Every structure is written in C-alpha cells, then in structure tokens.
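Below are two complexes that have chain A in common, paired first with chain B and then with chain C.
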Partner chain A sequence: MSEQMKKYETPLLDELEKGQWPSFVKEIKAAAEWNPMANDLLGLLERSYREKIGHWKHGGIVGVMGYGGGVIGRYTDLPEEFPHVSHFHTMRINQPAGWFYTAEALRTLADIWDRHGSGLTNFHGSTGDIIFLGTRTEELEPTFEELTQAGFDLGGSGSDIRTPSCCCGMARCEWACYDTMKLTYFLTQHYQDEIHRPAFPYKFKIKCSGCPNDCVASVARADFSIIGTWRDEIQIDQEMVREYAKNGVDINKEIVALCPGKCIEWDGNTLKIDNSSCRHCMHCINVMPKALAPGKDRGAAILLGSKAPIVEGAILSSVIVPFVKLDDEDSYNDIVELIDAILEPWIEEGKNRERIGEFVQRVGLGNFLEAIGLDPQPEMIKHPRTNPYVFYENYLEEE
Partner chain B sequence: MAEKVSVEEVAEAMYKMVKDTMGMKKWKATDLQKAAIELFGEDRCDKNLCKEAIKELVNSGRLVYTYFGGSFLEIPHKEGAQND
Partner chain C sequence: MPIFEWNEIKIEVDEDGFMANPEEWNERVALALASTEGVTELTPDHWKVINYLRDYYKQYGIAPMIRKLCKETGFTLKQIYDLFPSGPAKGACKVAGLAKPTGCV
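Showing the complex of A and B:
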C-alpha cells in the first residue's frame, strides 16, 4: 500500500465479507491495497452505508471524441474528502457475442484497466457489456486508445442502440434453435453508427436467446427480443422417458401437471404430446433433457417492447413475428429491415425517454403494425392463448 | 430538382441553432434533423445529410453528446455536476 493512502475503518462493509459467498467488499479491499481510487471508494461506500445516502452525482458530458455512448459520467459530491473518486466514470466495453474470451484477452483488459482506472470491473453489466468501474476524465481517451489497439470498442449508452447481447447459443447449448452469436455479431456490426451516435428518443436494446429458456432475459429486458423456437414437434426418445420414470421422476406430477398447455399424456409407458397446444415453454424439455428436445424445424420468434420500470411500470415484450427461419444472411437482412421499420415511427414521433413498448401502447398496436407494414396475426399476443389483442374488422362488423 | 445543400452548410446551420438557443433548449439529434430539413426544405436536405452533418460536428469537437435522462447535442461547456 502506498504511504499516502488513507486507511479507512469499514465496520459496516466488513459485515458483508462474512459468510461463504463471494463478496464485492473483499474485491474492493484487494484493489484498495494498491489503487487509490478503489481505496477512496471503500471509504465513500462506508460513509454511504453509515448515512444511508448515496454520494454520487451523474455527469452528463464525458465521453470519447466522436462517440455519444459508452461512457457514463460520475462524480462524488464529497470530492474534498474522497479526492480519488472525485471523478469515477464508468466505461462500457462491447463484449464478444456469447461472452467468450481467451485468458490472454482477459489479462489484456485487466492490465489496461489497472493502468487507467480503479482496477474494478463488472463482468458483465446488465446490458451485457464489460463494465470498467471508475476513472478520471483525462484517462478516457488513453483507455479507449489502448482498448481499440487490443481489438475492443466501446458499447452503447444513452439514447442509442445498446450493445446487442446473446446467450452462448450453439457454441455451448444443445437447445439453441438458431445461431445467436452469429446474429448478434451481424447486428452489432450493422448498427455501429446507431450504437455510437445516440439519435433516438431513448435506449433500444436487442437481445438474442437461443430458445424459450431465454437465458438473457430478453422477454423482460429487451426492446427487441429474438427468441429461438421451433414449429414442428418436440422430439421424444420414449426409451429415455421410461428411464427417467424408472429413476424416480414422477412424470405425472412433475411434468404432465405442470405443462401450461395441458397437452402431455403419460400412461406409464408412452409419453404423448399434443404439439398443437404446446406453448413452447421448455418445461418438459428442461426436466427430461435426455428424453426430449425442441423440434427439428427451428428458427425464432420476434418480440417487441419490454422494459424495466423507470418512467412507467415494467412491460414484458409481445410477439410481433411468431416464427422466422434464421439460417442465412438474407434472413439476417430481413431482421435489419424489420428493426429499421420499427425504429422509424418511434424516432419520428417518440417522446423523450419513451421506450418503444410505451410508444406502441400510446399509439395503439394496430396503428403501429400498420405503420411498420406487418399484418396482424393471431399469434401476436402478450400471453399464450389468453389475450390476443388484434381486432378483426369483419368480426366486429358481425357483432 | 433542387440542388442539395452541402454537409458543411447543414452542419453550420445546426451549430447556429444549438448556439443561439444554448441554455434555453436541449437538442436531440432528431430535433436538429427535423429543424434542418424544415429550414432547407425536403428537396434540398434529407436524413442522411443531417446524420453526416452531426457526425462532422461531433468529430470536430464543435458539439458533444451529453446525457441528461436522454442524449442531447450541446456546445462543450463545464456542467454543474462536474468536479475539477
């Protein structure tokens, strides 16, 4: 520890080191051994815990030349007492699709951050990006310079397309119904301008999950969700089903009774699924992964409009395209065309800080679909089999 | 067909709009785009020209992106929250 560094007493934070779980306090303390920013962060955090109040101010003007995203400005409101966190800006770094790194890439990132920032990171933030926590304004450009030399770029922040993210998909998961990583890479490259130069009413997040398990929580977190699914029949290995039953799985209780489509039958010997009523929830497949698998005719459903509760309450996304094949560049270009069509009316008419889901609610889904040129379909629903929200004009006329 | 204005002309007009209203209005990229198209007319100015003009203004450092609940374009200045 350097001689000038102040030693902070942290009795409240020390409590959070106890127990058998990893502790962020332990990590900050380790960095505080040599890094003055991390050391002052420790002192400031203890103070916040004691006073039950945060001591951060949002700084709105910091960034790197030419970019409008990727840096989130932060200053403490106690700069005299904690001078090393006087500036404590966050940098968002565009993660590789599926979060795959070599050990060497991780060492490079860590070294860059040890040289220019607090040494503290989040792998990964809720946006999916690598988060570098805490640096000074004058360190932003040198950090960016070193990052670009190492092949990394900043991600999105502010009113732009946020860094697209995806699950590990076909690289590591047998349930992937399309190549999430390839599509995410494609979209990231295509939307470089929109990621770095905010020009929207508010943020726009794209997340790709390989199957309805939705490991990147796109249904709750993305404005535009691409979720893998299938349109034929669930594959069944009857021998393996019997094996599960023999090994103690109570198929009636754990699978049949919990199937939301009420479409599974088990007579103790054969498992039958009425696929026309299946809601593709993955429950049966998750319980018996060796016996069941998604069908062979795979692709994705596209959903629109979820968001966490900020201005209005939380919204889950709704299906706008029930099924697309995603197996070639043409199909990727169709996705881009759809995204562009969705962005246009929102950019034109959206209010400041209005997410696309809120915009659709305000203008009405019927009007929105008309504006983007999609025909209403019965599968465009918020919740399977319960509330289709498309009104059929001839049905209303009959009334 | 009317001749298109140049990127520089659009950039200059946008810069003036931001400068003249500094402290009174915060401009989003789309607001600047709409205002520039209105100023020059749809036949002489379009979205792509506006995009290029904004890129030029930002790349040259004359305007910077700021974030105050949403992203805006402003003339660089010292903000209230900033510590030295």
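Showing the complex of A and C:
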C-alpha cells in the first residue's frame, strides 16, 4: 500500500487473542498489515467494543446485474473516521456441496478477494455459503465476473431460496442414508431462478442431512429439512457388541438406559432391539459404531418449518413425509414437486416476513396439508405416543 | 449525503443511490436514475412498472410485495429483470423514486 496506514490501538480486541483457540482478531490483524479495509475494520471494531454500540447501519441495497440476491449491503455510520469501511458489503458465494474444495480452488477464491475486498472471509456462514466480508459497491461487478470465470456463483440472500446445503454424506460417512451431495447439487441447479431472484414473503432454506445425527442442523435451521433415515431394522453385529462390552462399555448404563424409545434389551450376551419402538435417534449407533448401523432400507424423512428466533420465537421442523426413497432422478423430481406445492400457498397467502413454519401455524396444519395435497399421517403429530388428544375425522363422521 | 448529477439533474441520494427527497421526483429524474441501473431508455413497459410502484407507494407508504407487482403489471419476474436488470427492489423502486424498500420488494 502506497499510503501510510493508520495504526489503531486495540486494547479491548487484544483480549480476544488470549487463550489457545483461534481468534478472529488475529486474522483481522494479519489482513490489516496490508489491507486498508481490514485495518479500518480493526479500528471500528475497537470503537464498538469501547462504546458498546454497533457502528454498522442497517439494510443497504446493492447487488450485481441480473440478480436480486447474494450481496448484503453494509455501511458504517462513521465514514469520515473510518473511510475504508464506509462501504463494507458482504458477498455470499455458493459453496460446493459438502464443502469439498481443491487447494487450488481455495487459493483462487482467496486471491480474488485479496484483489477486490478486505481479504477477510468466513468459511462458512450459517447458511452454508462462503462469505466474503467487506467490499465497495464499485467492486461488486468485477468480483462477480472473476468468480463466474472461476466457476463460482453467488448464493441466495433476502426473500429467496437460500443456497441449499448438506452434510458430507456418502463422500465420507458410512451412516449416510442417501446421497446428500447429489440431491443438494440437483436442487441448487433446479432452483437457480428462485435462488438469485427473491420473490417470496421471506427466506426459504433447504438443508440435507444424511442421517438423524443431522450434522447440518437442518431440524433447527431449515424451512425444508431432508434427513436420512431407514425403515427396516438396525443392523446388529452381536460379536462386535460383545467386544464393546468386553472393552468396558457399560451397555446397560450407556445404551439401554439412555435409549429414548426404551426398546433395547441386553442380557450380557445378546442385544435385542424392538425396532417398532425405535425413534431413530442414532444414540446406540453412535456409541457402538462398529457393532450397529442404520438399516438397509434407507431413504429420508422430510420435515418442514424450522427457523431461528427472528420475528417470532424459534421453531423446530416437524415431519410432513415420514419416509421417501431417494435413489434416482425420479425421486428427486418428486422432492421438487413437493417443494413447489409447499411454496405455492405460501407465496400466494404468506404475509411479508412470515416464514413457512409460521404460515403453517397460522393457517393450521390440516388446511395446509389439504392445500398441498398430502394426507395427514400419525407421524406428523408431535409426540404421537404421549399425546392423548389425537382426533380422526372418521370418528366424527361415525357419530 | 452524496449528490448525484446527470445532465441538468442534480439530486441528493443515499449511499445506495436512492432519492433522499422523493418529492423531487419527475420523469427526467427517473431517466437520470435509470442510467445508474443499466437502463438506457424508458419504454412504455418500464413506465407501466414505475407508475404501478408509484401509485401503490402513494396509497400505502411502502413498496408492494413482488408477487403483487408481477400480478398487477402482468409481467413475470423474469420480464421485470429484463426491464430492470438490477431487479425490482434495487432497480425499479429506485427509478420510481421510492424511498429505499426495507425487505419488501
């Protein structure tokens, strides 16, 4: 940098460098050595910590031509004092499914951002996207152009389908009950328009987990959660179970007593599971991965409606399809059909900034199911085995 | 606030280029703002979108939701992006002289 960069004293931020864990302050300081944006960011952040006030203004509208999403506008309210962060826009970039990169791809991304922004990135944001932190309006188009030349694209932001994301699934994990990466790629390609051009009442997130361990937290953070599961029996290798017992696993205490379905028996020699009461929580499998495995008839359950507490409180997703096979393009197209059916009434009737989960609560699950053409099923009931108030319409008709 | 100049037009805008004083809007101003959003000419189709946005804004004080904009103007979202390449919120609302939309369009 030709101009002399201001040196900021940062006693409060320095505290965050102490300890053994990674520190974002350390990273910002490293970038601040050569990048004036990162340098002013450091000064601005110290100021915020001192005054206990955020110095970012809310809600800028910036973007690239042809897209309505993918860039989040940010400006500081102290542009005179911190001119290099007067603009500090965030770009979201669609991550590869499962977050697999070559070292070369990572270098390409980092180089692009060194040229056009603060050099600071976040791999990855809670949406799953690659986050490029901080650039000026006039740098957006050139950055976008370099990204597309390198084979990358912006992700979603605002009231659109957000960039679909998934766990590493079959690429690394033996518990994956379907190919999360393939489905995520398919959905991303299919919904390009909806990802780039916001047209909904609010955001709509799709996340794919390969098994109920749900490593991408889709049950809590996706409007549409696709979670791998099985419908036959947990596979048991009795020999290995005994091996675990021999090596000190207290099977009664650590597994039988903690099974939420209360469906495991262990007599010191044989492990028995009553699969009809299994809740597919993965606990027993996680404790004895070499002895137990999900069943062989694998697919996924589809859940709808979770969200973090923004406008209203937090909601977890709940089941709308207890089981689907996901092993060919036809089954992927069925998912698309279901998503489209779900989007339609929400786009038509949803209020501004109303998530699908809130919408379903407002119109009622029964009405919603009717609108999307699904039959009600016992699995859709929260706590089906402990809820005494289950109403079936044919009871009413018989009376 | 920054000043935006285009030919004889000189107006105050916010950092995103939206009008600071929407009451100063007129058709020349629309053309001036359009030049910042990749629109060189305002055709009758552009005006249909602009007029709808202005009428709605006058009545309700906010920008309409996108599905309403599409339905009422008869354009698909894609056609709106063809008219205003930076999209309905950033492009069309800015040219129509609306205050910066917050989360709607």
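We adopt the following convention: the second predicted complex is superposed on the first by the 381 of 399 C-alpha atoms of A that agree within 3 Å, B and C clash if a C-alpha of one lies under 4 Å from a C-alpha of the other, contacts with A are read in each partner's own complex, and residues count from 1 in each chain.
In this text, a contact is a pair of C-beta atoms (placed from the backbone, for glycine too) under 8 Å apart; a residue touches a chain by one contact, two chains touch by 3 or more.
These figures come from a predicted structure and were not determined experimentally.
On the shared subunit chain A, the superposed partners chain B and chain C overlap sterically. By the touch criterion stated above, A:S157 is placed in contact with chain B alone, chain C being left untouched.
Using the contact criterion defined above for the overlaid structures, shared-chain residue A:I347 touches chain B and also reaches chain C. When the two structures are aligned on the shared chain, A:G268 is found in touch with neither chain B nor chain C. Comparing chain C and chain B on the residues of chain A they touch gives the larger count to B.
By the document's definition of touching, of the two partners only chain B reaches A:T76; chain C does not.
After overlaying the two complexes on the shared chain, residue contacts for A:H87 are found with chain B and with chain C alike. Of the two partner chains placed by the overlay, chain B and chain C both lie in contact with A:A199. In the superposition on chain A, the residues of chain A contacted by chain B and by chain C overlap at 59-61, 63, 65-68, 73, 75, 86-87, 158-159, 193, 197-201, 347-348, 352-353.
Put simply, chain A touches chain C in their complex at residues 59-68, 73, 75, 86-87, 158-159, 193, 197-201, 347-348, 352-353.
For chain B in complex with chain A, the touching residues are 28-30, 33, 51, 54-55, 58-59, 61, 64-71, 74, 76-77, 79, 81-84. Only residues 15-16, 18, 38, 65-67, 70, 77-78, 81, 85-90, 100-104 of chain C touch chain A when the two sit together in their complex.
Touching chain B in their complex are the following residues of chain A: 57-61, 63, 65-69, 72-73, 75-76, 79, 86-87, 157-160, 193, 197-202, 347-348, 352-353.
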